[in-house]
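Each structure below is given as structure tokens.
Shared chain: chain A. Partners: chain B in the first complex, chain C in the second.
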Partner chain A sequence: MTPFLPLLAQETAKLEMSSMPDLSRMLPGGLLCLMVIVILVVDLVRGKGPSALYPKLSMGAIAVAFLMVLFGTVKAGAVGYGGFPSLDPDALSRIFKLVFLATGFVTVLFVERSRQAFGREAEFHVILFGALAGMCYLASATEMIGFYLAFETVSYTGFLLAGYKADDRRGAEAGTKFVMFGAVSSAVMLFGLSLVYGFTGSMQFAVIAEKLAAAGSQPALVLAAIFVFGGFAFKAAAFPMQWWCPDVYEGSPAPVAAFLAVASKAAVFAAGLRVLTYGGVSGSAPALSHLMGHDSSIVQTILICSAVATMTWGNFAALRQSSLQRMLAYSSIAHAGYLLMTASVIGTDKLGQEAMAGIVFYFLIYLVMNLGAFYVVTLMRRDAGTADISALRGMGRRHPVLAVSFAIMLFSLTGLPPTAGFVGKLQLFWPVVAKGYYLLAAVGLVNGAVSLYFYAKPLREMFLAAEVEGEETRLAPDGVDLAIVTAFAVPLVILGLFGWGNVTQMAMDAVARVP
Partner chain B sequence: MGVQIAFWLFAILVAGTALYAAVAPKIVHAAFSLMATFFGVAGIYAILGSDFLAVTQVLVYVGGIMVLIVFGVLLTDRVPEEYKVVAPRRWLPALIAGGLCFAAIAGALKSTVWPISSSTPLGDATSTVEGIGRSLLTDYLIPFEFASILLLVVLVGAARLARGQVR
Partner chain C sequence: MLPQVTTAHYIVLSALLFAIGLFGVVTRKNVVVILMGLELMLNAANLAFVAFSRHHGNLQGQVFTFFVIAVAAAEAAVALSILMALFRLKGSVTLDDATELKG
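What follows is the complex of A and B.
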């Protein structure tokens, strides 16, 4: 290896207007950043505290950003000052941005529907927009400083949202635990990143990928891979960094838990997919996933070990839970395990691309089924004041629409046909089997069977358990609630029966980089 | 040679005070010990030619974070006496776990073939300040601007948490 010039000795672009980054390609993210300031200013000018104006403003702005991403054209190449690759708003980041924005919209809607007062405070919306901006940046960052800043933005806003009801003892506990684990895992990841920088002398993913591929296996790089994975594992709630997850999800307000479970996880997987395949798909530079020798790369070993531990721990711990919100936390850990399992076969070949598309597809489905399930928790907390599964008893007879919709979501989370969850699981398992990792796939299947048991618990309460006189379910969904729940359940069936081909194509298009 | 001696002095200062911060029987002692650690780290940065980083380390960590920690200790004075003691009760498992981690990291770093450059962060310049300023406003313009959003959001969130819920 030739000695490298340190960061500061590199040639920087000239200080002139023509070097300015192409702002038009960062408009959706810019809008999210702008909204942080707009809401603060509106709050300052009004000076009257909480108002129903903020949720409306938020939902409107998120919807506009969503449409901008959806209808915006995707161009090739990174954006940055004078051609420096700061971020790359490519097709992959586009589809993840849609996931974040949809989740953000739904979260504001859920908070409104939960009738909790904090949803009308300006600060809540400021933090939410900060989180969304961070996620959009994280999904497209192509150098380490921006990547780390975005990563921390997603973490800090997560801490703030989880501990938002800090006057509530459980809320305070959730926030504190999250901060403690977050601080340690950030430090670990940062140490790993510093080793990578020390070895390659560059912040840019493209240069790092090239230098690492040329360097081959080095002990410090193995260490760096483990440490960086630690940071990712924390945000994805994967073993060995998953301990915070159940307490945080249970202590947070249900809509916030939904936001953390879907958007936060999608953000870290978006960044993970980019890091794993950087430069690999287009064939210009070797993929990071192959950095330590080809088929038995250390990164792959880490992913497989973590996947097995994560899904097994998540599913088996979920068996004993009686709180639906806590159970969904363990379920979200288990899902991180399935996703990691498929992430371990990601690569530059066709199968590797199919694995990536499978993960993208699963997030689109997971968004619908998990948010829907968390809406039921929101209703339980609102009407019954508890997330205990027994609060659902007798719902099948009293509120059949709600019960059947929730049943569809649970079937989908388990991965049973004819729901979209089945197609999603199929696309997660197929690349693993095709690659010949039968044992790994078998562990995944056994886990799926175990999960059937705990997902069936709410079903039993809703449809089979006998109602006790005077202890009828206190859930009182109104027309809007039923419409929302149905809107989450129906797409799962439609996608599971015949619509999945289009979504699969969307996912394939997203991972095939723009030429 | 002088640099070597300076390095080892600072290294011993950092390691020693950091160890004391971990085992000190009183939180205030640990906090002041940590202050010395931060100074030592700044010294190592200075030896390596990172003048700006060394000054920032002193300003931010000794001036800012340290004051924050001391304030935190002072303001949470109602904590019962037994919680203030951070003495290690299970020092043997901690020693073994820490030792293994140290051995693994040290071993990995030692056996890696690092691409070594003889140039310092200074290069031909007399100070790194200009280079850092240039980098922040050119190559790293987008992350630099985004940092302000991060700080703003976190500031608002921290104020909200400190104030509690509006009634």
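What follows is the complex of A and C.
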């Protein structure tokens, strides 16, 4: 034990010695934080009342941040104060930042198109920017403090967005359930983090990975791994923390559900990938997977158990849903299961790297197909006032463009060729099969077959079910709606038929770090 | 003479606090009481961080604690504001009344 005051003097000296970190590399995140303040000030200056200004401002700022990330040069290596590197804006975080920002942009667009009076409009955009900034930092955090703060930023903004329609009983209930589950699971995760710190004496993932590899298996570390996984599982909507997901997605406005389903899940997987492979994918230490020896590490065991339970629960519970929004919630749980399945083979070898690239690739596709499907829900709630699948009846005849586009998204979510979803599923399953986990892959395939049944439900309503006289579908998409839906469907087909080689290469580049 | 207080004592206390908090969270139906249990869980983690920080002779654990306190304040603000909305609409803050969404 070292006395406190000399220690403090020592740390202060270290901080004074160090030079100013290169913050320019954190610019996109900084812009998002700045927008939080800008919108608050604009709101203060121009007073209450709805305005077309906020969506334009938000979409503009998000587009600028997106371009900054897209065209900015990637220079790996963490940024931080006083010899305490905390954020690494590397290639892996870059590709996930693109996913978050694209989702944020689309969410604002959906809110616009939903023509719902959101009330207190400026605050919605403030919270959204807070969420996006938190996600960008979460994807690049390389130590526990930064990781925890970014994680909580994403969580709390998510709670506020889910309960945003505070005058709506279902909205308030969704928010309450979300905040209760979220706060408990993050407290559990925090306790796990304190145990990890106790064992290793460091906050840096890289140092922790080294120390853990040397420490070997210990009961308290198993407990810590389970606790930390609890926090991750909550945000990813994976077993055993998936209970909030259907209620929250159903109770929140459809655009918010879309945002949570894509961006929030991508954020936690970005952090998870970094934790799993810390030390470099092609480097030496496969981080936490050393906990129980290399072959059947405790982390791997947790991931496999959770993956099987998550996808089975998600797919089977989705079978009996009549609300499309709730069904998509279960489908998003099932997808978390597939992703965890592939995450369980991540390692330092070539196969492990392919698994990681597969997850990144899947998120790029998941972004398109899931947001597209949620746009259809947005339209249903706007025009028909319900997300019930029966509201789609007869769409195939009345609005063929919308129906066919939606069908493509559903095919892609199921993983049927010739859509991008097929290619994505292939890349998720391939590393698992190649690793020799045949049983795990078989469970995944059976689940895929089950999902075919519930994804076919909306198809049956749209194309096969006969319309009842006087009960025609109330959906009235205008030209812009059709353009948006088509814009989501066309890339899925193009990517599925050809051209996915480029995107695969993009994913491979993102995970290939210089050792 | 009193026995010396070691890091292990702090960790046992922290684990007990955490267990009490978790027990409260799992068994109680009133959301306000659940939030109290949550505070216990967060502070259990804080205690562990500070104890480990002294044990390892670096300040990172203590720094983390400050951030956790700030996050706990944010959590209370967010959770209570959502609870206010629920209370206004349903007239109660127990989880048993929040059962409209299911299936």
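Some notes on this structure:
Going forward, the second predicted complex is superposed on the first by the 484 of 515 C-alpha atoms of A that agree within 3 Å, B and C clash if a C-alpha of one lies under 4 Å from a C-alpha of the other, contacts with A are read in each partner's own complex, and residues count from 1 in each chain.
The rule we apply is simple: contacts are C-beta pairs under 8 Å (C-beta built on N, C-alpha and C of every residue); 3 or more make two chains touch, one makes a residue touch a chain.
Here the structure is a predicted model, which means the values were calculated and not measured.
Contacts of A:Tyr156 after superposition on the shared chain: both chain B and chain C are touched. Judged by the touch definition given at the top, the superposed model places A:Met180 against chain C, while chain B stays out of reach.
Of the two partner chains, both chain B and chain C are touched by A:Ile145.
Using the contact criterion defined above for the overlaid structures, shared-chain residue A:Val207 touches neither chain B nor chain C, since it reaches no partner. Judged by the touch definition given at the top, the superposed model places A:Leu221 against chain B, while chain C stays out of reach. After superposition on the shared chain, chain A has more residues touched by B, the comparison being chain B against chain C. Look at A:Leu452: by the touch rule set out above, it reaches neither chain B nor chain C. Contact with chain C, but none with chain B, is seen for A:Leu190 once the two complexes are overlaid on the shared chain. In the superposition on chain A, A:Gly198 makes contact with both chain B and chain C. Chain A uses residues 1-2, 4, 7-8, 84, 145, 149, 152, 156, 160, 163, 166-167, 175, 198, 201 to touch chain B in one structure and chain C in the other.
Residues of chain C touching chain A in their complex: 11, 14, 18, 21-22, 25, 31, 34-35, 38, 41-42, 44-45, 48-49, 51-61, 63-64, 67-68, 71, 74-75, 78-79, 81-83, 85-86, 88-90, 95, 98, 100-103. Against chain A, the residues of chain B that register as touching in their complex are 104-105, 107-109, 111-121, 123, 125, 128, 131-132, 134-135, 137-143, 146-147, 149-150, 152-154, 156-161, 164-166. Interface residues of chain A facing chain B in the complex, by the touch rule stated above, are 1-10, 12-13, 15, 19, 21, 26, 33, 36-37, 40, 49-50, 79-82, 84, 86-87, 117-118, 121, 123, 126-127, 129-130, 133-134, 137, 143, 145-146, 149-150, 152-153, 156-157, 160, 163-167, 175, 198-199, 201, 218-223. Those residues of chain A that touch chain C in the complex are listed here as 1-2, 4, 7-8, 11, 84, 144-145, 148-149, 152, 156, 159-160, 163, 166-177, 179-180, 183-184, 187-188, 190-191, 193-195, 197-198, 201-203, 246-247, 250-251, 320-321, 323, 326.
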